[in-house]
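Both of the next two complexes hold subunit A, though its partner changes from subunit B to subunit C.
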Partner chain A sequence: MSRSDAGDDDGTGAGRIPQIASRLIAPFVDRSVAERLLISVAAILLSIAVGFVIVLVSGRIAECSTAAWTMPLTGIGFCYDPVEVYLVLFNGALGYPFAVGEPGLFNPDWSPFNLSFALTLSETTLLIFTGLSVAVAFRAGLFNIGTQGQLVVGGLATALTVLAAAPLLPAGPIAGVALIAVGILAGAVGGGFWGAIPGALKAYTDANEVITTIMLNFIAANVAYVLVLEVFRAEGSSVVATEYVPEYAQFLPWFFPGSSDFALVALLVGFGFIAGLYYLVEHTSFGYDLRTSGVQAAAAEYGGVNAKLTTVRAMTLSGAIGGVGGAVWVLMSEGRWMASVPSLGFDGITVSILAGNNPLGVLPAAFLFGLLKGGALEIGFRTDVPTELVGVLRGLIILFVAMPEFFRMIGRYTGLGSRGPSGPDAGGSGGAEPADDAAAVEGGETDA
Partner chain B sequence: MNPAVHMDGITKRFPGVVANDDVDLAVERGSVHALLGENGAGKTTLMNVLYGLYEPTEGTVFLDGEPQSFDSPRDAIDAGVGMIHQHFMLVDPMTVWENVVLGNEPRTWGGLRVDEAAAREAVVDLSERYGFDVDPDARIEDVSVGVQQRVEILKALYRGADVLIMDEPTAVLTPQEVEDLYDVFEELTDQGKTIIFISHKLGEALSAADDITVLRDGVNVGTVASTDVTREDLAEMMVGREVLMEPATTPQEPGDKVLEVTDVHADDDRGVEAVSGISFELRAGEVFGIAGVDGNGQSQLVEAITGMREPTDGEITYLGEAMAGESRREHIDRGMAFIPEDRQERGLVMSYDLTENGILGSQHDPPFAEDGRLDWRASRDHAESVIEQYDVRPPDADAEAESLSGGNQQKFIVGREFERDPDLVVAMHPTRGVDIGSTEFLHDRLLELRAEGKAVLLVSSKLDEVQGLSDRLAVIHEGEFSGVVDPATVTEEEIGLLMAGETLADDSVEGAAVHDAGTDLGEAGDEEVDA
Partner chain C sequence: MRNPLADVSIPVLDDLIKSDYVRSLVVGTVGVLGALLVLGTLFPESVAGDLSGIVFSTSTAASTARLAAPIVLAGLGGIFAEKSGVINIGLEGLLIISAFVSVYVSSVVGIGNAVLGVPAIWVGFLGGIAASTALSLVFGIVCIEFQADQIIAGLAVWLIALGLAPFMSTVFFGGVNTPNLGASVGWKYSAVMVVVATLASWWALNRTAFGKHLRAAGENPKALDTVGVSVSKVRHAGVLLSGVLSGVGGSALALSIGQFIGSGETMVQGKGFIAIVAYLFGNYNPIGTLGAGVLFAGLDAVQIRLQQLGYAIPDTLVQTIPYVVVILVLALVGRTRLPEAAGEHYETED
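Now for the complex of A and B:
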């Protein structure tokens, strides 16, 4: 028995060094779920604080007749009141559960089934799909920037399939359910196909998926545009869009106002995808292959994982989920495919990053961005503050979440996580060549 | 007379650990001193204190009786202490003399130009003075590892070193080069230089050093004259208990042919041919060993056999079926266990816990997976059984692989692969980094597998390991077998010659007939004692 073993056993001596080191480096190298959560929450709070200052500063630059807020003691006036901005942002996104002007007081007239909250949830639902799409690719070590294009293609496939199939069935709720199912399937196939292309290019021609997915986004958007403009454009439509799919083939809003473009059932489908994807990643052989390829490709190869096939499969799955997002966008939000597709796919990247690429984390992350979206509209209605400030807030959140990720990357590239520049406390833990007690104690002596 | 180096009561503490605890070390001028100990014993820390990399928490370093206080290696170099690291720090495309003077070049033109003639002259003088056979104009990338090591020594001497510290100097050398190094030691000490070398190999400490200091758990267990001790004494000092040094093998009639390799060629990652026509066969109940200096194609050969690399030519037949071109998955499914040389790149997923790592390779197979769904309970039971049987510490299936020490990582991999119920075990450096006690156990398990009729392909750079465990032993040199020998009768010198690419003149090189290798397998060559 070696000394290092003894150290591990009784928790004294040599075993401590790597423990300490890993505790120091862990936040940047290999964070646990709890740590990711902590960082995400901290990033949100930090961005709110910085956003506070930005609102103040921009309120100083803007011109207004009466100051919305005056700084005590100094008497300096600001056009925008940051407290009010945040109250409107979050309160408004939920449809004002708290009385306006009297923060903390519950509004007795509030019902969750209001228009503002529906907008928030609508955005949340769509971001769940695009966030999951990006997350699943990330877990396989692939950076899918192409969710946007997959959503565009999937949405178009859904719209065209449902429009083509609708006349074949008698109108009615049963046909509606069937058409929605077929539409989602068509979206998944379309998006999956569009995701499989960069997957195959990556696997068999070694083409960087970041480049190919970006390019395929352009191709998707422009080909779809021309296709709809020239072939599938609705007669008399002033915008480039397909015909509306029949009313009965769209998601019904249920309890929410009909004008809200939100359907609870679509959100439930999103929950189902979250649970399903979580199970897939954590509890199946395919998920094991996928994750292993993502964290350590050489070990995956050793473990009999077919790297090429896994790449293609992961990108196809990612694209299919993005395509389902497109289907939901068509069948829930718009009722048709139109050329002005919102940037849901790109927002999915930020959702996934905030979620730490964990399917379960996608839900709160998507909800947060849903809140910001819904709140931004309220800010536009209720205050003089430009809604772009909300965009700044969103950017700040990602900036702060991404910064530890950045440290982690730096740690990997510089080997900080594996063997430090010098000294024992950087000696071992983390990344590529970790925690050999001996290495830690002896400042990097290699074994054998 | 004062000793050349006297380290008095050195204690070095790091947060939470004492790496050196009140260590005294005295090294006489003109002697060779071995610092022996398992990994983690504090050898390198102690030498880093002497070399000025660390400041001791307590204690003083004396050179020739003068107390020293080093803030950096620069100070140590100025005081005449030079260190030669295990991994050489040479610039490959530059010549020998350029490397020697690099950083301390003689200058002309008021310091603007390197005085090349003077520099080369100085290097030539130096190497002649110490009898080094080194061509000053050769490029580093063209000379052997042994010569590169001498260039490192020249570098230290050029900077005025009187005390040379060498970290595991023989790790990368062939046995012949090791002999040459010992000659260099002698030449240097004759001229008054003092050498301290770090080692965990008992044999080389005994044959090269005048005095041996053994460290264990950061404490000086004792300093002995090499003439006064035996291997067994040293092993006991290092480990703290008695160690059985030689694996006991029994003769065994080999069974059916399991693996047949015919004229296999394979490239390395850069597309350069690394395996140039290797043929052998391996039968059930047989251990076939491959010895050789690292980097002579054994990695690529093993990868070709295990399905990690497609051979460019030749045939590999496993259990009667051609395997070339089959996927890695297919190799695993047909019962081939593989202990890879790189445990942290391939053998384990570092961020996974042991439960997850226990099914690496079996993630599609029952009992761990059914219909594509993973059974984490069965996986955990499996991991726990491996942990228990193979004494993996800490015994915690939830521990992440990266939190384990190297030796324990290795034990877990070996356990996982041995428990796969394989027909063929391909084991590459199976005990690298594993302490002596566990090495003993892993060797016993390997021989048990052999007794159960499994075929074992054993690749190791530890000569005693391949020699002691193998029924037949091939020596690989530059992608070819330079000989297949009977490990019971071959001498270490003969293996060394084969490792250097020479052929043996006499008939000790055998064709294929040494299956009935004697009971008394190999006097152990050079016991390597790893932590």
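Now for the complex of A and C:
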């Protein structure tokens, strides 16, 4: 199936880097996964390159008194220094472990428990849940754009449940653990309910889930806003938000600075969800039903899978994970439900796409977008470049990940992707063969 | 069960509207408005009186036209793209980029100046259309030449525009919101553009060879290929048209107030997604899309006026109505049928 350059060993100099990568990866993953991985990495690098150009061009247009960067040989000055932007972006997101412009590679004062790194990890934790939510639905052949709404509903359910249950228990660490457990459960139920709606509509009335989930996002945001504004708003609060849940019922930032809104426990819960979902999707009969209805709905039905029920279950599960994401957002980041919910659900789509909808891939993808989030703030602090650059990078990454055929074409064109006895020097006939191959594969996918 | 509204015959429109579903929508809307007018005239002191006063006021018409323009125009564009077989979920991004560029170009030219006799604001209008068309060209190449997943590529277009417009605004103007131009395009222009674009789209889709090719590219690309018409070219044309029409909509939105607002979801605020809803609601019929778009925009406009009159209806709940209606309609009445080959890549066999 895969015609990638990834797993090939036709030892020629031209394909050295992909081959080194593939040798490292090959023992762990099959070819199509390795290809996806390469495409994701290539997409990230290409986005960074395009971002570089965007920074240069806008630095040429923007006005400043002294040039931040001068192009070698030409002497043309630019207001923004693209190299510095990326250094600040990635180094800053980790809290500057690397010393730039000073002797020594590493910064001796660096500790992993700094505020910037905590912010990066906090975003990573939240994106793990929303990324998993989208990935699970994707594996069942469903495009859940509604994780945002499921997170909003789940988060509100968590906040209201914990606030209602807190007075019933004596304050203390044991009550805290119980409240967090109840809160997460409430988030899962709320998000699961909100995900079940488009699932049932898809299964029983054939309503397109892309449309219904987009609509349900708007409805969730609006209804939750009105509900909190009119009924549950904290007294004297200047923003539309509920009361804070008790301190002992929040995820607390051990090791990390108290103001960081990041809790290691929550990240560990995220790891647990990744492992659990990987097992569920790959090694259980439910996971098998899920994947087969995603790849070949008709065949799955023929093989005895209840496709309608699987659709509802997959969307409910997806929504429940999104709801847990909302619970973690409330109990870790904010300590209360607020109307200004960040776009974690939409970012979850980008995480899942970059991860190739593989639960294990969600971790590095979530970490990358966590880095971008943490780095964006540093860009705002340390450079003149608008932080919205990070939003552009995010869009570019998704655009490039969406077009694997582009990278295969480049691979064929440069000879990296050819395989078989003819090798990379086969010329015209060698070029035509993979194209036919591509058509055949494409046909197979569209039948699905 | 047959929908009773579908049987009402409308002399002029009968020829234009073949779909029972669209007809029920039109008749239903006209019926509600008519009832409101009668009630409002009979009982001027009641809520109905207030409401009919609002609904039939010029200021409501003006804000409806202003709000409807991006929805209807992007919706029409969406029809062309989707009929040709490319689902364009990136309409939102096209609206955002054209809204920003139209204001940017106008301010570069400078209000009061003109290029080749064209006033700055209209130069900006064309600039917005050009930007949206260029972005749609990229989207088309990515989907048609590089066989990208259309939904994911569409989301990418939205995300790129959502980042790029405020980014550029900060580079050029020092903030995500541009300063106000101090000039604007009147609502009557928007209204005329919307009506003209709707009729022209209807004509192009139903009465021209291009319309036939477009529908064939979406329904049965192989047949189109067999008669010797390039499926790729027709699809590129469909996507480009969605860029042009969305560009008109986005420029009209921003220039109607003379400013681009880039905070949060930007001033477009999901209108591109509502546009998708509008054309699905209108069942791919331009006239149905116009009806749905005006209905959604009108609800919003009436709601704004109700707030001003002091009716304590939470405005966010009123804004929710279109979304709920869409889900109900999708679930109960008109299950929309996507073109047969929409979303799929077509490989020429030669």
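The definition used in the following text is that the second predicted complex is superposed on the first by the 369 of 448 C-alpha atoms of A that agree within 3 Å, B and C clash if a C-alpha of one lies under 4 Å from a C-alpha of the other, contacts with A are read in each partner's own complex, and residues count from 1 in each chain.
Here, a residue touches a chain if its C-beta (ideal position, glycine included) is under 8 Å from a C-beta of that chain, and two chains touch if they have at least 3 such contacts.
Quantities reported herein were computed from a predicted structural model and do not represent experimental measurements.
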| item | value |
| --- | --- |
| First, second, both or neither for A:350, with subunit B first and subunit C second | second |
| First, second, both or neither for A:299, with subunit B first and subunit C second | first |
| Subunit B versus subunit C as contact partner of A:261, first or second or both or neither | neither |
| Subunit B versus subunit C as contact partner of A:289, first or second or both or neither | first |
| Which of subunit B and subunit C A:81 touches, first, second, both or neither | neither |
| Subunit B versus subunit C as contact partner of A:208, first or second or both or neither | second |
| Set of subunit A residues, in rising order, touched by both subunit B and subunit C | 439, 442-443, 446 |
| Subunit C to subunit A touching residues, read off their complex | 89, 142, 146-149, 151-153, 155-164, 166-168, 170-172, 176, 270, 273, 276-277, 280, 314, 316-317, 319-320, 323-324, 326-327, 330-332, 335-336, 338, 344-345, 347 |
| Contacting residues of subunit B [partner subunit A, same complex] | 14-19, 38-45, 48, 53-54, 86, 167, 171, 216-217, 239, 308, 327-329, 331-333, 338, 340, 342, 344-352, 356, 359-361, 363-364, 369, 372-374, 376, 393-394, 400, 402-408, 429, 432-433, 435, 437-438, 461-462, 528, 530-531 |
| List of subunit A residues in touch with subunit B within their complex | 1-5, 7-9, 13-14, 16-20, 22, 30, 283-289, 292, 295-296, 298-306, 422-425, 429-439, 441-448 |
| Partner subunit C, residues of subunit A touching it in the complex | 54, 58, 61-62, 143, 201, 205-208, 210-212, 214-216, 218-219, 222-223, 225-226, 229-230, 349-350, 353, 386, 388-396, 398-399, 401-403, 405-406, 409, 439, 442-443, 446 |
